[in-house]
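You will see two complexes here that share chain A, one where it goes with chain B and one where it goes with chain C.
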Partner chain A sequence: MKPRKLLRIARWEVQKNAGGLDRRTVAITVVMIVLFAAVSPLIAAGGVGLEDGIYRVGVDEDSQYYGVAQSDPTFEIVAGADERDLRTGDIELLVDGRTIRVADSRKGSAAYSEFRESVQRYNNQQLAGEANQTAAFPVEVTVEFREQSDPGGTDGQTDDGTTTDGGNGGDGSGGTDDGSTDGGATDGSDGDTDGGTDGGETDGGSTDGSGDGGTAGGSVGSAAPTLGQDQISGSPADISPPFPFQSLVLAFVFVIPLNFLIQAYGSTMLSERLNRRGELMLVSPVSRLDIIGGKTLPYFLGAMAVEGVIAVSLFYIAQGGLGGAISLFAVMPIVLLFLSATFLGAMFARSFKELTFITVTITVVLTSYAFVPAIFTESGAVALISPLTLVVRELQGEALTLSAVVFSTLPPLLTAGLFFGLGSGLYREEDLFDQRSLPGKVLDALAVPISRPRHVGIMTIVLIPFVFVSQLLAIALLFAVQQVSVQLATVLILVVVAVVEEFAKSLHIYAAHTHNRFERTMRMAVILGIASGVGFFVGEKIALLAQLVGLQEVATAEAGLSGGIAQGPILLLFLLAPLMLHVVTATISAVGAKGSRRSYLAAVTVAIVVHLAYNLTVVSAVA
Partner chain B sequence: MIEARDLRKEYGGFVAVDGSTFSVDGGEVFGVIGPNGAGKTTTLKMLAGLLDPTDGSAEVAGYDVSETEMRHHLGFLPEESPLYEEMTPISYLSFFADLYDVDSDVAEQRIHDTLDDLDLEHRHRQLGDMSKGMKRKVAIARSLINDPEVLIYDEPASGLDPLTTNYIIEFTERLAEEGKTIIFSAHNLFHVESICDRVVIMNEGKIVARGDLDQLRQEYGETTYHVYTTVELDDSIRENGRYRAVVESMDAVDSLRSAATEAGGEVIDIRTEESSLEEVFLNVAEAGTTGDRYVEEGRQ
Partner chain C sequence: MPLRNPITALASSARATIAGREISALSREKTIVLALAIQLFIAAFSSFLVVGLTSLYDPSAEGGEVAVGVSGEERDKLIRVAEEMQGVDPTPYSSRAGALAAFEDGDLNAVLHTRQVQTDQGARIAVDAEVPADSLETTLVIVRLQELLLELERQERAVRSDNLEFSPVELPEEQQDSDDFTQYFTFTYTILLPLLLFLPPFISGSVVVDSVTEELERGTLELLRVAPVSLTEIVDGKAIGMILIAPLQALLWLGLLWANGITVANVGLLLLLVTAIATLTTAVGLFLGLLTGTRQKAQLLYSTLVLLLFGAAAVLPEHPASTAALLAVDSASLGTLVHVGAITVVAGVTFALVRSYVDRLDPESL
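Take a look at the complex of A and B:
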């Protein structure tokens, strides 16, 4: 690879596309980007005020309710309104002295309900402004929403097992910080599914925090005390469980631009293939990596620039200063994953129609991968599957551990590398301009690097990140099912694991046979099966990363990621058993792969059943 | 300058090129002809390093075709050369000059000189707005941007109007006169005949004939003798006050001469007519693919 030529191709890519855009398109694009950049932080910060002025209230300036109506933008004050306006529907509420008259309509009832809440908030604000806060709030309760488990270590648990969370204000009235109540307890790490409830119950500090409480300090009436919001006081009735609105919006803000970006990127890659446009570049003295890198670089930098603006803007709104570096770093694997999947898709597609189908699939799958776990940021470790969780946590001012960053970013990074690698294998004359079907292209991509049996094992290892990401995505998607039935979610994840892993171990063997890479003999099938099984076993240990951050505490994750860390004399069994499983099932599939497609599918089905039976046995034994 | 040794290309079970062996000397114009699907383009693409041979090897300008350095010495013009239509000829050629490491000053001069030679106007118009002939001229200019010793032109005049076709053929002849080594493939055998020193004829992936044009005619063509006499003979036709008979051997000519004398007349003119390359090609194609029939025995 020659950087100078790569950069020249990148510059050409920009010039070429700029030459194809007229001024009007450029202007519209710029306006859309500016609007998006301007509106997104506002939405993330709490909305754009779509409900402003939807209720009209007639109230005199000398009324004690005037301040209430004035303080709530939901209400529009109508001066000089009277009973007739209420009847004609020109106003919904009429304040008559100490009496509030309500229009006889559903909107009137809704306005009254809202007005009551506004009165409560107004009163709380008035009390909050009092000089004597003890008189204003004789009883103060700090509510702390805790994660079921906190792999990032943000709960303040110290090395000696004591906890310093919650009430570290030290007024001495509540729990102690000497660990006497829960010192040494490993709540959340012992795998108990009830770990999520003991965090807020037994920690001594949970009832006495006063002012300088823990990092996840409580709030009443507000789900997420972030993005510059002050704590709001209120009555216990205002307490509601946290709804991840901001997590959802933040994840959304970061993912949306990528979906637009991949449309342009996919188009430019596919256009090289249509009408053989890319042939002349292939015959020039540049490597295919220069071409791919050069064509990808502008889109990568563009995406990072947009994400950078969003990250810095949001960080400024949330924390009031410059920052967002971790967010930008965390977003990078997502950007690369989107680009690499699109690149591979563009290598597979035969027309823009097919490319549209592929990019829509990529959008749905990768948005789910990035988006769904991130909205559980405040709910549990499962959120760390998505790098966007790091973004949300940084913006919410939470600490991040190195292991959490590695766990979130490494699998998508490796998967992006895998996709780029497979796609670049197809970036050559005989595949680039070929009109074979999509499955045929997939087999081509897998078969290109394989010419010897050991390549099968290496390819299996290379596919591990994809397997891992697929399983993480399944875990994230089945997280909701787990809330209903852990057993059902566990079985479903075991099925997904078996299917994904067996195809990952054997599809490239079948692809190699379709390209006549190996003899179609039983002996060769066994050799390839062993190579793939051993390769998978070696690569699978990457899954241990999950255990660094305690993801296995999510029951489905534990099932999906091959159980916990074995200890003592059974360690050997825990190492040998999966090795045997992978070798046996890979060999079963390899035997089928030397025949027809039908025989391969039959064999891989048998392998999946064997794998599933093994997983069920292991999970039952562990349980 | 070009050496191909047992080049073979398979796509799955399909053999596109089966053991092609030939060489091209420096400064030579070498033609590759054959029907559609004969393996011409596949052979040229293997020589250009675009396709990896399933078996065999090839060298161009002293480099193995898999080496990147080889491409600095090669100008390749594919049968279809769709351009980046958003670009202008100048920006397009400048971009490729950069890829070929041509110094910017040299590139600028070379671009203008080549476009002058090709008589290409509207150099700042977007390529998408140009005619097919103009686009082809830009593609040819691109193949010359690195001033290569070897040119591989696959159907350079395919689909162009006769005027542009003639222009491009003449331009290719001028390149040959400048000493470029050219491999040239064309369906129009008249073009091949007019500029090629030697040709190979391919059919179903194999080279079925090769040699210079005289050798090919001798081997696969026919020489006919048109004998004009003052008297009517058997199978002769009257033509402008004399009689013409067509025979295919000198023995037959001698027989006609004797017959004319016996009839009281004489032979007044004998003209020979040789097969065109097209007729040679048709003869070879009709002969099928019974083997690689070498005209130049022992030549590699």
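Take a look at the complex of A and C:
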């Protein structure tokens, strides 16, 4: 790889694209974005009113509830409605003197709870204009968030609302490194699942209700909680439980520019493959890494510039100073994941149409990877799966441990590297200009680096970050299930683990066989199986490092990621058992892989069942 | 004649063939099936996640009572209110420190310390609440505390009503048998459903851009033109295929919602709305694809323009997303129906305009 050549290709990419996107297009786009910015306040101000008129209510003008219904656009007043309308579903609520009659449906009961809230809002609005504010708002609340079972926590009185007491932001953050080792994971049996989170977990007492401005719950009163505050105060109507609107907003702010970017990036990569245009570049005296690097660099830098502006300005809004370096660092793996997945997609896709669908899929999956764990920002280690959590926490002015940063950025970084690696294996003439089916391309990508049995083991290790990331995503998605049933969540996690791991251990063996890299004998199958199994075991031990950071606080995560290893007294057995498991299951798959596709799939299924049975045994034995 | 001609022309066999080919090419490309499956999976999961999250936020979902330690001057008043309420289990403490110690030990879920604060207009009750940080139960605790304190506020207001000019509207009784779905009813119909319905038309337009620019960039349009079909017929064929696939996808989402126990009313009208919007996006996609001839330019313009249109729709008396929500939740008014009609007409006219642009286009110039 020669930097000078790489930079030249990068310059060409910029110049060619400046030509490809002529001034008129850019100008029109800019005008449209400006126009969009002009209408967005209209949308943000609730001008859209998505909820307007979804519930209909029959109320007379002399009723006390008339003003309520009139002031809330969610309700539409139906004049002269009667009981019959309630039965036929033409209205949901009917005010009859002092009682409110509700339609017998989900919609009716939803309308009723909405109406209750509306009454409260209406009262508060009216009372805000009273001369005697003490009588209008006789109760004043200050909510403070405090660590439980934290010795040395009883500092001081709370004073009214406005001042934040200093200590809270920082003190808890040291908790991760020592608190996590004895993690609460196993004591989660007390009914409510989140046993882990109270065991000395990361950040000190900062929870805030909502993001900036518009999402705050309260209609009157002073204190809408903002970023970086760890108290909420006001009248009882103002305190609202923390809801992850903030991370939703963040996810969209950071991710939307990336979607535009990967469209352009995907286009330029795929257009190299149309009409053999990339041929010229391939025959020139540059390596393919130069080409790929050069074509990617402008997009990476562009993305980081945009994300940098976003990070710094968000930090400025939240903290009123300069900063955002950690945010920028945290966003980098997401940018690289988007680019690498798009690159691989562009190598796989046969047409623009296919590319569009692949891009949509990438967007959906990666957005949920960034967003779903960040929902749980306030509730423990599971949030750290997403690098966006680092952004949220930095914006809240919390200290971040190095281990937390490593834990949430390293797996996606390595996965991005893996995607680039697999894609660059396909960046050669016979694959670039070939119209092969997608599964064929995947097998090609996996088979390219393999020529000796030990390569199989190395390939397995290389695939581990991907395994890790997909398992983390599964854990985050199943976190909500865990609230309902720990058992169900654990079993589902174990199923995902078994499926992902078995394919990761054997798919490249099958790929190598389709390219006739190895003899299709039993002896070879056993050799490859052992290579892959040992490789996975080694890789998993490296991945365990990440686990020490504190993910084990999440009960299901422990069961999943360690492949069922328990911290038991008979250490040797616990070390050997998973090694045996991985070797055995990989060999089963390897035996099937020497045959047809059908025999491979059958063998993998057997391996998955064996793996699952083993994990279930270990988990139930430990629990 | 001018009315009949386009209709018979649209139904001509050449167009039908090309439309059929577009759709079958789509289904042959397994990637698309895969992409759809993944979208379906994620959509299923996100709605599942919403349900999971609701159980976190919904007090009725968790049966257990929140143990609250109460101390301070107004202790007895607060405990009296709490005892009337469900879901809160109050314990009196003589000092705040005592209550906090129990909180630290994990015996209490929250501590409420009450004080009287004198203002120039009388006394106010100040409540300092301590709740667990960083815990999933924080949400539930706060929800319960809020209910408790709102009730206290209501009673205090009643006591002081002589000092108030406005007499607060009576708060209706709380429902007894509301299920946990209720709170997210609004979310499902006003956000989730419009999102699921408008995604397919957006993708359809994007695919048309791809389809047109790919033929132009690869030069395969030449081949199609050797066949005895006009450019208009080719373009029609591509468009019809993509317009029809949108309501099919929408139907899939509606089926998914239905399977999750969410009933959707006015399915026919919703599908008409989706078809109309798909017609609009497809027309925009076609126009931009033919105008620019390259994917990069056309896709960029297409996505920004469609986003702009979606935002600008806020100036309408009813946003199309709102129209979809009102139809689905069965609260459609006459205005909603007029809206569906108007969108359909606008879509038809736009498509006709793009067609006439194609008619006048010189194929050699592409």
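Note that in this section the second predicted complex is superposed on the first by the 405 of 623 C-alpha atoms of A that agree within 3 Å, B and C clash if a C-alpha of one lies under 4 Å from a C-alpha of the other, contacts with A are read in each partner's own complex, and residues count from 1 in each chain.
The criterion applied here is as follows: contacts are C-beta pairs under 8 Å (C-beta built on N, C-alpha and C of every residue); 3 or more make two chains touch, one makes a residue touch a chain.
Bear in mind that the values here come from a model prediction, so they are computed numbers and not experimental data.
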> Thinking of the overlay built on chain A, is A:E130 touched by chain B (first), by chain C (second), by both, or by neither?
Replying inline: second
> If you count the residues of chain A that each partner touches, which comes out higher, chain B or chain C?
Replying inline: C
>> After the superposition on A, what does A:Q263 contact: first (chain B), second (chain C), both or neither?
In response: second
> Just chain B (first), just chain C (second), both, or neither: which does A:V141 touch?
Replying inline: second
> Of the partners chain B and chain C, which touch A:E279 in the superposed model: first, second, both, neither?
Replying inline: first
>> If we overlay the two complexes on their shared chain A, which of chain B and chain C does A:E76 touch? Say first, second, both or neither.
In response: second
>> By the touch definition at the top of the document, which applies to A:L35: first (chain B), second (chain C), both, or neither?
In response: second
>> Quick one: is A:F329 in contact with chain B, with chain C, with both, or with neither? Answer first, second, both or neither.
In response: neither
> Which residues of chain A are in contact with chain B in one complex and with chain C in the other?
Replying inline: 17, 20, 275
>> So in the complex, the part of chain C that touches chain A is made up of which residues?
In response: 26, 29-32, 34-36, 38-39, 42, 45-46, 48-49, 51-53, 55-57, 62, 64, 97, 100-101, 103-106, 117, 119, 121-140, 142-143, 145-146, 149-150, 152-153, 156-157, 159-160, 163-166, 168-172, 174-175, 177-179, 181-183, 185-186, 189-191, 194, 203, 206-207, 210-211, 213-214, 217-219, 292, 294-297, 299-301, 303-305, 307-308, 311-312, 314-315, 318-319, 321-322, 325-326, 329-331, 333
> Once bound in the complex, which stretches of chain B touch chain A?
Replying inline: 11-12, 45, 48-52, 68-69, 71-72, 74, 76, 78, 80-84, 86-87, 91, 95-96, 98-101, 126, 139, 142
> Once bound in the complex, which stretches of chain A touch chain B?
Replying inline: 5, 8-9, 12, 15-17, 19-20, 275-277, 279-287, 428-430, 515-516
